[in-house]
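Data block below; observations after.
The letters A, B, C and D name the chains in turn, as written, and every chain counts its residues from 1.
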Amino acid sequence: MRAAILIPLFPLAGWVVNGLLGDRWGRRAVAWVACGTVVAAFAVSLAVLARLLALPPGARSAAVVLYEWIGTGSVRAPLGLLVDPLSVALALVVSGVGALIHIYSVGYMAGDEHIARYFAYLNLFMASMLWLVLAGNLVAMFIGWEGVGLCSYLLIAFWFTRPPAAAAGVKAFLVTRLGDVGFLLGIFLAFAVFGTTDFTAMARAAGSRLPLGGPAATALALLLFLGATGKSAQLPLYVWLPDAMEGPTPVSALIHAATMVTAGVYMIVRMHAVYLRAPLALDVVAIVGAATAIFAAAAALAEPDLKRVLAYSTISQLGYMFLGVGVGAWSDGIFHLTSHAFFKALLFLAAGAVMHALGGETDMRRMGGLAGRLPATAGAFAVGALALAGIWPFAGFFSKEAILSDAFRAGRVWLWAVALAAAGLTALYIARAFALVFVLPPGEGSAGPAGCREGDAPRAAGHRGLAPGAEVADPPPVMRWPMGALALLTLLGGALGWSAARPGVLARWLGPLLAPGALRSSEGTHGSEAALAAAGLAVAVAGIVLVWLVYVRRALRVRSQAVQTVLAHRFYVEDFYAAAVVAPVRAVARWAGGFDRAVIDGAVVGLARAIGGGGAVLRRLQSGYLRHYAALALVGVLALLAYWMWR
Amino acid sequence: MEAVLFGITAVLALAGGVGVVAARQPVHSALALLLVLLSLAVDYLLLAAQFIAALQVIVYAGAIVVLFVFIIMLLHTRSGEGPRAGAGLPRAGAGVLCGLFGLALLALAAGVRETAPPPAPGFGTIQDVGRALFGRYLLPFEAASALLLIGMVGAVALGKRLRPAGDPSPGRPQAPPAGGPARAR
Amino acid sequence: MSVPAPYYLGLSAVLFTLGMAGVLVRRSALIVFMSVELMLNAVNLTLVTFARLRGAVDGQVLVFFVLVVAAVEVVIGLAIIVDIFRSRDTVDVDDVDLLRG
Amino acid sequence: MPGILTALVAVPLIGAAGVALLPAGRVRAVRAVGLVTTLAALALAAWVWARFAPGTSGLEFEERAAWVPAVGIAYHLGLDGLSVSLVALTAFLFPLALAAAAGQVRDRVKAFVVTALLLEAGLLGTFMAQDLVLFYVFWEAMLVPMYFLIALWGGAGRAGAAIKFFLYTMAGSILMLVAIVAVYLGSAAGGGAPTFDLPSLLREPLGVAPGVQAVLFAAFAVAFAIKMPVWPLHTWLPDAYAEAPPVVTVLLASLMAKAGAYGLLRFCLPLFPEASRAFGPLLSALAVVGILYGGAVAWAQGDMRRLLAYGSMSHMGFILLGIFAFDVPAVQGSLIQMVNHGVSTGALFLLAGYLLERTGRARTDAYGGVAATAPALAAAALIVVLSSLALPGTNGFIGEFLILVGTFQARPAAAVPATLGTVAAAAYLLAFVGRVFHGPLRDDLRALPDLRAREYAVLVPLILVIFWVGLYPQPLLVRSEATVTAVLRRVAAAHGPAPRAAPAVGSRAGGGERTP
């Protein structure tokens, strides 16, 4: 199992090599190194999977300790891996999707002069993410946790000469770091409670150290969840993710859809033993998840920017995952994570192909009717969109239905209803996006204000937007093949979770590891399962039909100006943050700067001035006249004499 | 005999002291100072300090007063006092201070044991003082010689400053306003 | 010693006070200087008196050192007075306030 | 017999004398001799550091010679876990600073090198002295060269900044001198001879009343707090850091500030355990205020050196917080953070110096897009910034993590707001990166040269240390663990129960079974 260390080490080596030497090599060498290391990581993951499969289900867990990393006093944190079904499953998803996106990037970034830097960052991200999922304790996990945040920052701000990109990178880093404060405090609390942060040790001791529903368990679970809301862009810390679309599209696909943002879900599943001791915290997770799901889906409705639609969609789908783990459906959360990784990566890659063809345009109002000119791209997007909408037989259908039925069967009917409504909205916004981009004639969505445009680098077509008669074509094979592979995975991915008799393959694979959710009150019958699935499917189809009626047939016009405005401002959350958080902090900082000068330094300078003033008074005594000094000396002598004589 | 001698010298010394302080011309002060010094030399003899008495005559009366007189002659008429600048101390105040101080000293003096037995033979002779100087006080004695050397060098240095290079005139009776104070600093 | 020590000390006290009055009242640097010499001599007289009173020669040794210091002081002091006179054309101490703060 | 520690102090002094004998015009020779001297000191310090036996709490390489036996003053040098890494850090940073100075200090080079070497001797002595008077002598010996380094080679406002720095630190030193004498007098209470010798002083409790102990503690603590600096005694810092030449700022921030923190650990805690416990909450509160306040003010600064200065102060708050948590991991974190802060903040100021050297611009808004024209400079800055904002894998994380985890056990109320300080650090440091390196490339910066070979030579060792400590901090931690435990046992023994050690679940190394 020690070979598992190679999984993050390969991309790390790619980062070092490309980071130090990439600028001197040719672009091909850079691309080969970058893709090769990730493919190698995927291959090692497969090998490790094979090794695990050879073991009996109960023994498929191995800790690999590299060396003692931090060890002083009562704080011990080795640098170690935990190789078990969960981490290997995640490693496979991450390295697999990552490898596809690396290959896609070769084509997408072909025109960029900083390709070495790009691939170095991307490799560093892969190393961090793989380390995150493989780490054996919370502190080691935090390396990956922050590492992916760093790479996210670096890649969002990849085109750093563009102020919006630079600002978005900083925003992403700061907002997630705010969540990481919770994560850090959670680590501290874990040390206080367990004396260690080793996952297996904590899972074993959770029952004895954490009273059910006690403050320690609830605090620990909520603090860690705060970290997850930052990294996984949940309410209220989701605000950075839409802005993160300033980065190159493959980055959005890999980091801000498929892998990094799911770290929070993974972490909760990893710490599920603790969450089981804190029902209140689990409820919070489920409620935040459901609220995020519907909120972000609604926010995606009025968004004119294709990538930002997908970003809100990601937030919404992550909400589903948190809803899943919040009702104790650990393996279904991971299932949706996996299928989402497939179809959302596919959607982003297809969107990237559109942008690639249109010279970086992302505003859907400037697109239209592209289905005929980009048939392969349109097909890929359609597959992803149908999966996202939850249409049978795509992966998204199975995973979403699993979560919906989990919520229903856990007795959280309200959450189920909210999630179902969100599913309808999901179908609505993705169908709208598909219609605007591929179906409707160009210029349909009234040319809005400019400014929805990705970085200047991928300039394949050399012009911007959809100019009449311009040469618009499907992307080169190096980009088409990864899209095809992901489409295939999206088609087949449902098999991971759905089988004739639940639990599915993934659930059985993870089964020995994950204690069943305590909140699953009753196993539903097969009949109710089918009814639930039918309800979900009906809502999705209704959403698509509604789009068809409104946008294509123009049979319906349900437009309320107020709703439009609220949606266009995404419920004013960002404005609220700007007014309630950013502005006050800025004001306090400025005030503190002035305070430091005026009051604290002023006190010191004032003291100096007072001494100087006293000196100015006393210097009058120094008349410079000899006799005055002599007289003063005489007075002093007289005083001394008097003292001696009368003492 | 001793009492008479002391009475005479005391009166002379006091008169000289008043003369030093009260004389209008510096040269009169110098002569009065000479009178004080010589009177005190006699007192030293009365107090069995032959060597000091000799030194008093040689160094003080012989060297120091001569130096004063020399400088007074050098500075000629301007060695006196100018018109009052107004910066002075009120004379009454100075008088009161000095009076108080003098009374305090006298009170202290009155409290001292009155007499002592005749000193050992040879007390205060040049051999006696010399033995102390080259014995117990050898280090201060050598330091004093160094001090004398430093004084000499200092005087020479101060004297040289009077004639900076490139300035042919030995002195500057009418000091230019710009250069003068700066140089004095 | 037929004259009691307090007489010598009294003479010394009066001389010292006179010298001090000179320092305080007179404005001619030369006379101030001579007043200082007067005070030094008063001190010397005290030292010699006490040496006689105690029968120890140390007081006289100290007088020797006072003499040395006085000689040096006069040399330097007079040089400074001459210097000031050369630059300011006066020896009135009230015209010299270089020590003013 | 003079031993290796004496040699360590003597080498810079001899080097200074050697440089002083060279003709001032031979700038290259002067620089070479200075560099060779500091490298020789580095070699000695590295040898000492490598030979230092971990696991012992006592002094090693001890040297003792009577100095003023009449009043119990001795020339007593020694190293223990508190000082060994700081000595190594000092010796490590001086060659780098002198190498960097070659590009920044161009006039009076000879005087500069001599002064810097004197400063090195003072610093090394400060970290090694085991006698209160000897410590005080070195402490002041370090102040004077620093004054001249600021006052002679600084920027436009150097005179005011230098005087402010000098008076501030002098005020603290005087208080400490009085307290040293009081400690000396108090040490005779047990009936023995009074002494200034620190190990002897620690053998039995100080014979002073609790109230007096509090006053003495305060006198020492104020002296050290000014040097660190601790809020609100910090206002000399922005002026001094901004006006000193960049390399001198490196020495100020990296080493001089550590002398203050080191003094707290070396003297305040062991000598006055009761008072330390009594003042602990107050100092922890000041530390938290310093962390957040420094971060906020840094964010509002337009001058990059002032930004970094307040940031440095904010980071020193973490060190203070850790010291007064009285918890082994926290104090260990503080010690390692001293080294980290020395490396990271030093590197930040060096980079600021490189930027200033190239453009002469101090304000961050006078830059923009530098990463486009100087990618290596930007990459180095990014690494150093990340280390400074405590990214895991870099050295800064180890220190801040240990400090916070230890503080969380001891003082949760202080740990929570302090953890927010990590966000503040990210805010102002990324703002710095964003304003200087990102954004559109300004036209007047298009010709900005990237790192030169000499600058690589200075930065690469620093970056290597950043990653080394970040990934394998154990060599530092094991060297100080025994000493820190001993000091804290002393503090804990003052009264109250011993510090609680959370029992670990599972095996020590982390529970899971190892697989081959």
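Everything that follows uses one rule, which is that a contact is a pair of C-beta atoms (placed from the backbone, for glycine too) under 8 Å apart; a residue touches a chain by one contact, two chains touch by 3 or more.
Owing to the predicted nature of the structure, the values given are computational and were not obtained by experimental measurement.
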Contact-richer chain pair (by C-beta pairs counted) among A-C and A-B: A-C
Approximate Å spacing (C-alpha centroids) for the pair subunit A, subunit C: 92
Separation of subunit A from subunit B, taking each centre as the mean of its C-alpha atoms, in whole Å: 95
Length of the line joining the C-alpha centres of subunit C and subunit D, rounded to whole Å: 58
Numbers and ranges of subunit B residues touching at least 2 other chains: 87-89, 94, 97-98, 101, 108
Sites on subunit C at which at least two other chains make contact: 20, 24-25, 94, 97-98
Residues of subunit D whose C-beta touches two or more other chains: none
Pairs of chains in contact (touch as defined earlier), listed by label: A-B, A-C, A-D, B-C
Complex contacts: residues of subunit A adjacent to subunit C: 618-627, 629-631, 634
Of subunit B, residues touching subunit C in the complex: 1-3, 6, 10, 13-14, 17-18, 20-21, 23, 26, 29-30, 33, 36-37, 40, 43-44, 46-49, 51-52, 55-56, 59-60, 63-64, 67-68, 71-72, 74-75, 78-82, 84-89, 91, 94-95, 97-99, 101-102, 105-106, 108-110, 112-120, 123-124, 128-129, 132-133, 137, 140, 144, 147-148, 150-152, 154-155, 158-159, 161-162, 171-175, 180-181, 183-185
Residue ranges of subunit A touching subunit D (in the complex, touch as defined): 1-2, 23, 61-65, 67-80, 82-83, 117, 136-137, 139, 142-143, 145-147, 150, 153, 157, 160-163, 166-167, 169-170, 173-174, 177-178, 180-181, 184-185, 187-189, 191-196, 198, 200-202, 204-205, 209, 585-586, 588-590, 592-593, 596, 600-601, 604, 608
Contact set on subunit C toward subunit A in their complex: 20, 23-25, 32, 93-94, 96-101
In the complex with subunit A, residue positions of subunit D that touch it: 164, 167-168, 232, 234-236, 238, 293, 296-297, 299-301, 327-329, 332, 369, 371-372, 375, 386, 391-393, 397-398, 401-402, 404-406, 408-409, 415-416, 419-420, 422-423, 426-427, 430-431, 434, 437-441, 471-474, 477, 481, 485, 501-516
